[in-house]
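Here subunit A shows up in two complexes: once beside subunit B, once beside subunit C.
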Partner chain A sequence: MLRAEAIEAGYGGLPVLKGLTFGIERNEAVALIGANGAGKSTLVRALCGLLPLTAGRILQDGREIQRLPAHQRTRHGIAVVLESRHLFGELSVRHNLELAAAHGERHGAARRKFRMDDVIGLFPFLGGRLDASVQLLSGGEQQMVAIARALLLHPELLILDEPSTGLSPKVVREIVGALATLRSAGMSILLVEQNVALAVEAADRAYVMSLGLIVQELDAAAWKGVLDDEALLQAYLGS
Partner chain B sequence: MNGTLLLQSVIVGITNGFVYALVGLGIAVVFRGTRIINAMQGEFSLVGGLVAFVVVESLGWPLAVATVAGVLAGGVLGFAMEWLLVRPTRRRGAGEESYLLLTLGVAFAISAAVLYFIGRDTRSLPGIGGEGSAVLFDAAVRYHAMWLVILSSAVMLLLRLFYDRTRIGLSMMAASIDEDGAATIGIDVPLMRSLSFLLGGLVGGLAGVLVSPLITIHYEMGLLLTLKGFAAAILGGLLNPFGAVIGGLTLGLIESLAVLTVSSGYKDVIAMTLLIVIMIFLPNGMLGRGSRKGG
Partner chain C sequence: MLVFTALYSIAGLGVAFLLGQCGIVSLAQSVFFGIGAYSSAYCTTHWGWIAPTGFVVGIVASAVIAFAVGWPILRLSGYFLALATLALAMIGQVLFLEWDWLTGGTLGIGGIPKLSLFGFELRTPQRFYYFVWPVAALVLWLYANLLGARNGFAMRAMRDAPAAAAVLGVDTHVLKVKMFVASAMLGSLGGSLFAHYVSFVSVDSFTVDRAIHFLLIAVLGGAKTIVGTVLGSAFVTVMPHWLTGFGDFHPLLFAACLIAAVMFLPDGFGGALQRALRRQGQA
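The block that comes next holds the complex of A and B.
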């Protein structure tokens, strides 16, 4: 459903993505792993339209979308939870969610619709904190608001950039549980993570990224045994 | 000092305070939507007042039509400002200080253009409700001053509802709080910035039409209004348009009471000194940190 072909992008003339190619099919969860500085977050920004490509193309169901600005890509079924979440801290949880829901209303009628009740079902704490200011929530709660906000755009593909960073193991478990629920409902997920153990649990297969390139593609069998592949972990993740 | 004189000063202070509040409101609207300190807010008022004057005096059309034309002129100027100057500057990665310089430069350019094309002559619009006054405990209150307070209050209330209750208002807020977050939920961030300047321009244009019967329109009027508006907006908390009302009223009352108790020549010195004292003790504005969220 989403394919990046030989994409290049960077900051201030400095290339970060150097001809990277990868793809994700409908109804699958794919992990993207790599060490700090591999270019994972840059790839996420390029995919969702926050960073323009200098070369290559991005195809969604065969249609080129690389020239679309970020706010239009959500209409094509791509929602992203950026690293650091990028919530509207001065607004309430309700306003954060309602804004996404209002913009999501205009999106593809054929796609599965997420309502406020659905996201509260997924993250029950939201029900009691709707009127709280987002900036007063804990990091874990903010991450759940960010995922809920993305879901209200009714995506076919959910991209998550380092969703476990800085969160307690309990919150991480909750998020992994939510992703499993979304997977079983048929949503495609691209999970960008440094926490390989978490990624193995949430994804069907994986790409390994290093210095702006995909250096290895791990099929389901290789991916499930990756935690035992010390050579690979050492080479690309430094662990 | 007798009671009537005191009451008259309070009435003048409240009237001026609402003028400062309207200009400060425009500054807060632009800042809230773009995080840009707009040093040409007073020029929206200058242009709005001038357009209204031309419609009334040169075309002979009714004041209501002139009011609409003046408000729209401010809005068009605001939108054009964002589209033609702010947006290209942002595209080139400008820092916050660049916008202050940009808007200040345009303010001086507009002031100079008015001086060149229209001259030093002062002009005045007729007041809403005529030139008459009502008497309140022996103090005179111009009908126009009453309309100014009523219309300004209505605009402030509507703006509060706009930001709190409408999708477009919330989207404008969201776009200014976090551009990337806004873009990734489908908000057209550049459009929201344009709309913030448009809204700031509309408010500025209205301020121009409402102040022109009280203070004459002249080429330096914009900068003077901007300074007072800044004081009102910062005093109330820049992120909260409602705070500009509190700030404007405080400023207006301090000024008018300074005139009454000391001398008109010292009113700005006394007002600004008190503002400095207030800002030292209340650095987040008179409404405190809460003002950063309110609407």
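The block that comes next holds the complex of A and C.
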């Protein structure tokens, strides 16, 4: 459903993505792993329209979308949870969610609709904290608000950038559980992670990224055994 | 003084909501204040039209110019955007001076008729006071409603996390342009009221100093609060007048007051008031 072909992008003339190609099919969960500085977050920003490409193209169901600005890509079913969550600090949980829901209303009539009740079902704590300021939530709760907010845009593809960063193992488990629920509901997921153990649980296959390029594609079998592949982990993740 | 406080609150509100809700520093408000004032002056004195037409011409002209200028410059951000709006204020000042066929140049336009409501002429400051404060209150009320509406949330989202706002579907550029246009319309409304109150307008009232004056209202008042705009406007209107009692030192004293206010009340009078009320509520 989404394919990046030889894409190049960077900051201030310095290339970060150097002709990267990868793809994700409908109803699959794909992980993108790599060490710090591999260009993972730059790739996420390029995919969601926050960073213009200097070369290459991005295709969604065969249609070029690389020239669409970020707010229009959302309308085409791509929702992203940015690294560091980027919640709207002065607004309550409810207003963070309602802002997304209001924009989601206008999107893809044919797509599966997420309502407020659906996201509360996925993250039950939200039900009791709707009127709390997001600034008062823990990091894990904020991450759940960020995911819930993205779901209210009714995406077909959910991109998550380092969702486990700074979270306790218990919260990470909750997020993995929520992603599994979304997967079973047919949503495509692109999970950008350094935490390989989490990524293995949540994704069907993976790409390994290093220095702005995809250096390895791991099919389902190779991916499930990746935690035993010391050479790969050492080479590309430094762990 | 209270009439001017209300007039400047209306125009200053435009700058305050751009700064406080959208994170945009605008120094262009003097231009729109001038357009409103000259539109009212020209329509009523040259063409003999009734006063409301001057308001409408000013507001429409300001909206069109704000849209035409805002669309390209609002792609900029931070200092670059502030400088672009400053350039607009400087260009406006030059044009107000050079286009003397329209503005009267340094001689200005005099004889602007007083406003009248249902045949009741607002010819005294007291009468104008009772007219302009309800107008200011109405504008502030509309603004309070905007903050609680979707566009209000979108503005704060854009200010706090522009990237996240964009990926949520907020067209941040269009939203900025809309708010810049709304701000210009408020500036024009303030300018038209000003023209009818003082009955004489000249380029001296629409210089870059005036633009800074409006920015001071927003910064000193506290751009994130509604009441802050009124307090900021009262400060920049009343304080210089009050300090004239200190003779030649008054500009120096006013500057010292400004520095003290910015240092000790970083979120403005409105922010300090809000904090004090919150403390009182907790006690």
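As a working rule, the second predicted complex is superposed on the first by the 239 of 239 C-alpha atoms of A that agree within 3 Å, B and C clash if a C-alpha of one lies under 4 Å from a C-alpha of the other, contacts with A are read in each partner's own complex, and residues count from 1 in each chain.
Please note the rule applied: a contact is a pair of C-beta atoms (placed from the backbone, for glycine too) under 8 Å apart; a residue touches a chain by one contact, two chains touch by 3 or more.
Just so it is clear, the structure is predicted and the values come from calculations on it, not from any experiment.
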item	value
Fit or clash - subunit C, subunit B, common subunit A	clash
Partner chain in contact with A:A203 - subunit B first, subunit C second, else both or neither	neither
First, second, both or neither for A:A4, with subunit B first and subunit C second	neither
Which superposed partner A:G49 touches (first subunit B, second subunit C, both, neither)	both
Partner chain(s) touched by A:S133 [first = subunit B, second = subunit C, both, neither]	first
Partner chain(s) touched by A:A102 [first = subunit B, second = subunit C, both, neither]	both
First, second, both or neither for A:L82, with subunit B first and subunit C second	both
Shared contact residues on subunit A - subunit B and subunit C	48-50, 69-71, 74-75, 79-80, 82, 86-91, 95, 98-100, 102-104, 106-107, 149, 153
Residue numbers on subunit A that touch subunit C, as the complex places them	45, 48-50, 69-71, 73-75, 79-80, 82, 86-91, 95, 98-100, 102-104, 106-107, 149, 153
Interface residues, subunit A side, partner subunit B - complex	48-50, 69-72, 74-75, 79-80, 82, 85-91, 95, 98-100, 102-104, 106-107, 133, 149-150, 153
Partner subunit A, residues of subunit C touching it in the complex	150, 153-154, 156-157, 160-161, 163-172
Contacting residues of subunit B [partner subunit A, same complex]	167, 170-171, 173-174, 177-178, 180-189, 239, 292-293
